[in-house]
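Presented sequentially are two complexes of subunit A, the first with subunit B as partner and the second with subunit C.
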Partner chain A sequence: MNKKTPYILIMPIVLLGVLFIYGLVNGIIQSFGYIPALDLGNFTLDYYIEILKDPTFIDSLKVSLKISIISSILAMVLGTILTTALVYTGHTEGKTLQIIKLAILIPHTIVALFSISLLSQNGLIARLFYNLGFISAQGDFPLLLYTENSLGIILGYLWKEVPFVAYFSLALMNSINKTLGEASENLGASRLKSFFYITLPLSMPAISKAFLIILTFSFGAYDLPFLLGATMPKALPVQAHLEYMHPDLRYRPYAMAMNGLILAVSWTMTGIYYLVKKKKGIKGDVHERY
Partner chain B sequence: MELELKNISVKLSNKEILKSINLKVNNGEFISLLGASGCGKSTMLKTIAGIIKQNEGSILLGGNLADKIPAHKRKTVIVFQDFRLFPHMTVAENISFPLKMMGTNKTKCREKAIELLEKVQLKGFENRHIDELSGGQMQRVALARALAAEPTVLLLDEPFSSLDINLRKNMRELVLSLQKEYKITTLLVTHDQEEALTMSHRIAFIHNGQIEQYDSPENIFKHPVNTLVADYFAEGVYIDGDIIDNKFISGLFTLDANKDNGKYKCLVRPLAVKVKKAEKGCFKVLDKIFQGDNYLLKLSNIDKKLNLESIISAPVDILEGDLVDVDLDKERLIFIPE
Partner chain C sequence: MSMKDTNSNIPLKLFLYLIAFTILAPLVILVLWTFTSRWPWPNLFPTSFSLRALEEVFAPYANLLPTLVSSILLSLTVALLSAIVGTMTARALVFYDFFGKGLIKLLTMAPNIVPGTVFAMGIHVVFIRMSLADTLVGVIIVHLIYTLPYSINIMRDLTSSIGQQMELQAYVLGASPLKSFIYITLPLLAPGVLASMNMAYITSFSQYFLTLLIGGGKIRTLSTLMVPFIAKGDRSIGSAYALIFVLSTLTIFIVMDRVIKRLSFRNKEENL
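Right after this comes the complex of A and B.
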C-alpha cells in the first residue's frame, strides 16, 4: 500500500467533518446575531434571552423533552426485553437479526407513513376494528396521531428504537450470558437471578449507550414530530425549522439560537450520562473482555 | 460425593462429541481427564455440571440420578480456564456470590469470603477489584469462589494453562492441599500429561470423544492399552514382533517378555535406551540436544535402518558423530498388543 493511500482514504470523512464543523460554528455565530450579509453586525445574547422568555419556546422544549425521554425510556425497557428474549431463546444471529436490521434501515419518514396508514382514524387498524364490529364508526377509533400527548411520535420512535437498542446490546449480552451468565448458574444462581445479578448489570454499558444515542437523537430530530405531531405546541426542531423558513431573513438568529439550545440540552444530557457512569464506576472494558 | 457417568453421549451441532462415556469416580478421588484439544474433555465437564444436556445416558451423583437436577442446583462447580470472575464485583463479593444465592446473610457471606481468601493465600484482598489482580490471583479467587459454593464435585477446566510455569507449580500444590483438606471429588481437565500424572489418583485418557484408558498414573504410563495412549505420555520407537512362549521375537532383537502369545509392538522410549561409547559401536550419534538436567541423543543404526533416542544424565563425554553401543532396559520396554 502506498504511503499516501491512508490519507486519500480519510479525505472524504475529513471533508464531511470540515463541512459539519463549518456549519456548526456558522450556526452558533448566527445565533449570537452576527450575520453581516443581513446588516446584523453585533454579538448579542438577546435572541437567546427572548427565546427563553417566549412561552411557545418553553412549550416546545417541554414537548421535545417529553417525547425524547418517554420514547427513549420505553425503547430502552422494551429493547432490553427483546434482547433478553433473543439471547435466552438462542436467536442471536441469522434471520432474526436481519429482521431487526431491516427495522433500523427503514427511514423515519417511511415509519411516519406506516404510522399514518396503520394508526390514523382512516388507517388499517381503525378499519379492521370497524369491520370486526369493535367500533361503530371509524371516527370512534381513538385519536393516536397529531395529538398534544405526542403518542403517535412516541410510537413512531419506538418502531425504530426498540430494534436499535436490541441490535446495539445483543452481541454484548449474548457473550456475557454465555460466559459469566453460565458461570453464575454454575455457582447456584437461577436463570432469573443470573440475569438480574450478572447479565443485565454487565450489559448496561451497551444499553445505556444506546439510550443516550436515541435520547439525543429523538430530542433533536425533525421528521417524525413534523409528520406526526400536533399543530400546537410543536416540538423544538419543528419550531426551529419554522423560524428558519421565515420569509424575513432577520429571523434567522432565532432559529439558530433554538438550534444552539437543542445542542446545549443534548450536551447536558451527554454530560449527565458520563457523570453518572463515572460515579457508578461502570467499566467500558467489559466490551473488550467478553 | 461419588460420581458416575453411564453411557453418556453428547451431540453438538450434529457432531458427536462424546460417545458412550462410562466413568466412575469415588468419593474424594482426584481424577484427570487427559487428552488433546477438541477431544471432548470440556464438554464432559459441562455435561456433568448440567450446562450441556446429554443426548443419551445418565449422570449419577452419590448414587442418585442427577439428570433432572438443573445446573444451578447440581453443586458440580466448575473453575473455568478464563476464570470468569464478575468484573462489577469486588473479590469478596465474587467469593460470596454463591453464598448470597443460597440466601446467606451479608455478614456471614463476608466472614466466609475472608476465611476462604486466607485458604487461597490472598489475605487482605477482599476489597480489591478484579482488574487489580494478576492472573495467578484471579485463579485463586476463582478457586475460593468455587469452594464457597460448597461443591459436591469440583470440576477444574484447564485451570493452570494460562499461568506461567512457576505459578502453575504453586497453584497445583494449592489445589491438591485444598482438595485433600475439603475431601472434594475433583475432576481436572488437562492436556498436560505431567499435570495429570503428578496430581491424580486416576487418569481417564480421552480421544475423539471416547475414553481409551482409565487407570492409575503409573499403570497408564507403564502399561498403555494402545499406541494413542502410549504416544501421548512419551513417544518412542515401535518395533513390530511376536511373543511366542514368553519371548519377544523381532527382526532386530529377541527379548524375554512375560506376555500372552500374539502380535505386539514393542515401544522403546528414550529412557529405556542406555548408551556406552564404543569405538566399534553399531549406532552413530546424529544429534546431541541439551535439555537442562540431561541430554537427548538421536541415534541411528545404518545397517538395520533403526533410529532410536536416548536420554542420558549430564555430564556426558559422548559427542555428535561418536559411535556407541546400545543396551535396552527391559523393565522400561512396553509391549502393546496389536
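Right after this comes the complex of A and C.
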C-alpha cells in the first residue's frame, strides 16, 4: 500500500538485530585481545593459542562435546521412536500430546532438580534399588551427579529433548503416514516396509533439523552443567563464565576466546548439517514450530 | 491384517506409556517433596508431611510474592513485545519486497545458532557502556532477542496462510490500512499471537543465565530466586519454588488464552 510500510515494519527487528550483532562482534573482537579500556590494544591470536594448549580447556571441550553428542543422538533415536508411537497408535492430539508438551515447558533448572531427587546416591532410584536388593548401601549406587561421567546431565537433557524431537517432527511424519505411508500399504507393502522405506526417510528433514537444534543447544547451554556438573572439568560455557567473572579483568580475553571456540564448534556443526543435507538432497525446509 | 496391526502396536504403546510415566513421575515427586518434612533413606515414601517448605518460601524475608509479581510482569512484557515485533516482521517478510530482505531473514534465525552465554558476555560490556546493564530494560531486550525467532516463525506461517486478500478488500472499500489490519487480519492472527506469547513467556520466565548476567542480581525473577536452592541440592525448598513456577505458568497460560479469545471474539462481533 505504501513504499515505506515494510521499512516501518522491520524497524524494531533491525534495531534489535544491530544490538545482537554489536554484542556478538564486540565479544569476538575482545577474544583477539583488543580491549582499549584495559590497555589491550593489539589484535592477536595468542589467547586462542593459549587456551588450545591448556589441558583444562581441552578437558572442558571434551566434556561439552561428549554431553551434547551422546544426549542428542540418544534423544534423536528415542524421539523418533516416540513420534512413531504417537503416529501409529493415533495419539497425534489430545492428552498424551499435552503430557509431551509439558516436558517442553519445564525449564532446565527444574529438570536439574528432578535429576537430584531421582539420581543422587540417596535419590529415589537408589532407594528403589536398595529395596529391591540390587545394592546394599547408598554408596553402592553409581555416582551420576557432579562427576565426570556427566550421566545426570545427559539424562536431564534426554528428559527434555526426547519429547522435543517428537513434538518437532510429529506433524510431518503424521501427514506423510496419512498420505504416502497408507498408500504404499494399500499397494501391498508391509507396514514395517512402508515405515522404513517411505515414512521414516521422508520424515528425516524434521528429525535431522531437530537433531541439529538440540546438538548445538546442548553444546552451548549453561543451566544443566552449571547445576549438575563436576568441579573439574567444567562444561565450556560454565568455564567461560568463570573466566569472565574473574576479578582480574585481564582474564576477559580468555573467556571471549572460549566463547569464540564455542561459536566455531556450533557453526561447524551447523555447516556440516547443511552440507550433508545438500549432498543427500533432502529437500524442503522445516519451519521451527518451537 | 488387523491382527498384525494390534501386535505391532503393542511395543509402541508400551513405549508411549513409559515416556508418559517418565515425564509425569518427577512432577509427582516434586509435589511430594514440597510437602515433605522427613523422607529418610531408604524409604520410598516420606515418613511425615508438613507445610514447612511452603511457609519458608512464602515468609516475608524470602520476598517471593513481590519477586513473583515482577517476574510475571517482566515475562508478560517480553511476550507482548515479542508478539508485536513478530507480527510486524512477519508481515514485512510475507507481503513486501524491500532492501535487505535476505539479511532480515538471516537475522531472525541468528539467535538460534549463538548460545545465550556467548551473546550475553559479548553484550554485557556494551550494555554497561549504554547504562543498560543491571536494568529492567536491558533484561527485557536480551529476553526479547532470544524469544523472537519463535514468534517470527509462528507469525510468518500464519500470515502467509491468511493472505492479504480480505484486508485489501476492506481497504478498497474505504477503511484505513491500520483499521483494515486491526479489524480484519488481527482476529485471524489471534491463535498465532497466543502461541507466540506462550512460547515467549515460557522462554523469558525460564531464563536464568541471561537474567543473572544482564540483570546483575538487581533484576530478580522467580528463576534467579529458585536456582540457588537447586544449586545447593535443597530438595524441599527447591521443589516448593519449582511447583510455584509450574503452577503460575499454567495459570498465566489459561489467562492469556481467555483474554486473547475474548479480544478476538469481540473484534469479530463489532465487525458483523
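Convention: the second predicted complex is superposed on the first by the 263 of 290 C-alpha atoms of A that agree within 3 Å, B and C clash if a C-alpha of one lies under 4 Å from a C-alpha of the other, contacts with A are read in each partner's own complex, and residues count from 1 in each chain.
Methods note: contacts are C-beta pairs under 8 Å (C-beta built on N, C-alpha and C of every residue); 3 or more make two chains touch, one makes a residue touch a chain.
All figures in this text were calculated on a predicted structure; none of them were measured in a lab.
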{"item": "Contacts of A:Pro225 with subunit B and subunit C, given as first, second, both or neither", "value": "neither"}
{"item": "First, second, both or neither for A:Ala85, with subunit B first and subunit C second", "value": "second"}
{"item": "Which superposed partner A:Ser266 touches (first subunit B, second subunit C, both, neither)", "value": "second"}
{"item": "Partner chain(s) touched by A:Leu187 [first = subunit B, second = subunit C, both, neither]", "value": "first"}
{"item": "Between subunit B and subunit C, more extensive residue contact with subunit A", "value": "C"}
{"item": "Touching partner for A:Ile99 - first (subunit B), second (subunit C), both, neither", "value": "second"}
{"item": "First, second, both or neither for A:Gly152, with subunit B first and subunit C second", "value": "neither"}
{"item": "First, second, both or neither for A:Asn122, with subunit B first and subunit C second", "value": "second"}
{"item": "A:Leu202 touches, of subunit B and subunit C: first, second, both or neither?", "value": "first"}
{"item": "Intersection of subunit A interface sets (partners subunit B, subunit C)", "value": "191, 289"}
{"item": "Subunit C-touching residues of subunit A, taken from the complex the two chains share", "value": "1-2, 5-7, 9-14, 16-17, 19-28, 30, 81-82, 84-86, 88-89, 91, 96, 99-100, 102-103, 105-110, 112-114, 116-118, 120, 122, 124, 126-128, 130-131, 138, 159, 162-163, 191-192, 213, 216-217, 219-223, 226-227, 237, 240-241, 244, 255-256, 259, 262-263, 266-267, 270, 287-290"}
{"item": "For the subunit B and subunit A complex, residues of the former touching the latter", "value": "49, 51, 70-73, 75-78, 80, 82, 84, 86-88, 97-98, 101-102, 131, 145-146, 149"}
{"item": "Residues of subunit A touching subunit B in the complex", "value": "179-180, 182-191, 193-194, 197-198, 201-202, 282-283, 285-286, 289"}
{"item": "Contact footprint of subunit A on subunit C as seen in their complex", "value": "4-5, 8-9, 12-13, 15-16, 19-20, 22-24, 26-27, 29-30, 33, 41-44, 84-85, 88-89, 91-92, 95-98, 104, 107-108, 110-119, 121-126, 141, 144-145, 148-150, 152-154, 156-157, 171, 177, 199, 202, 205-206, 208-209, 213, 223, 226-227, 230-231, 233, 235, 238-239, 242, 245-246, 249"}
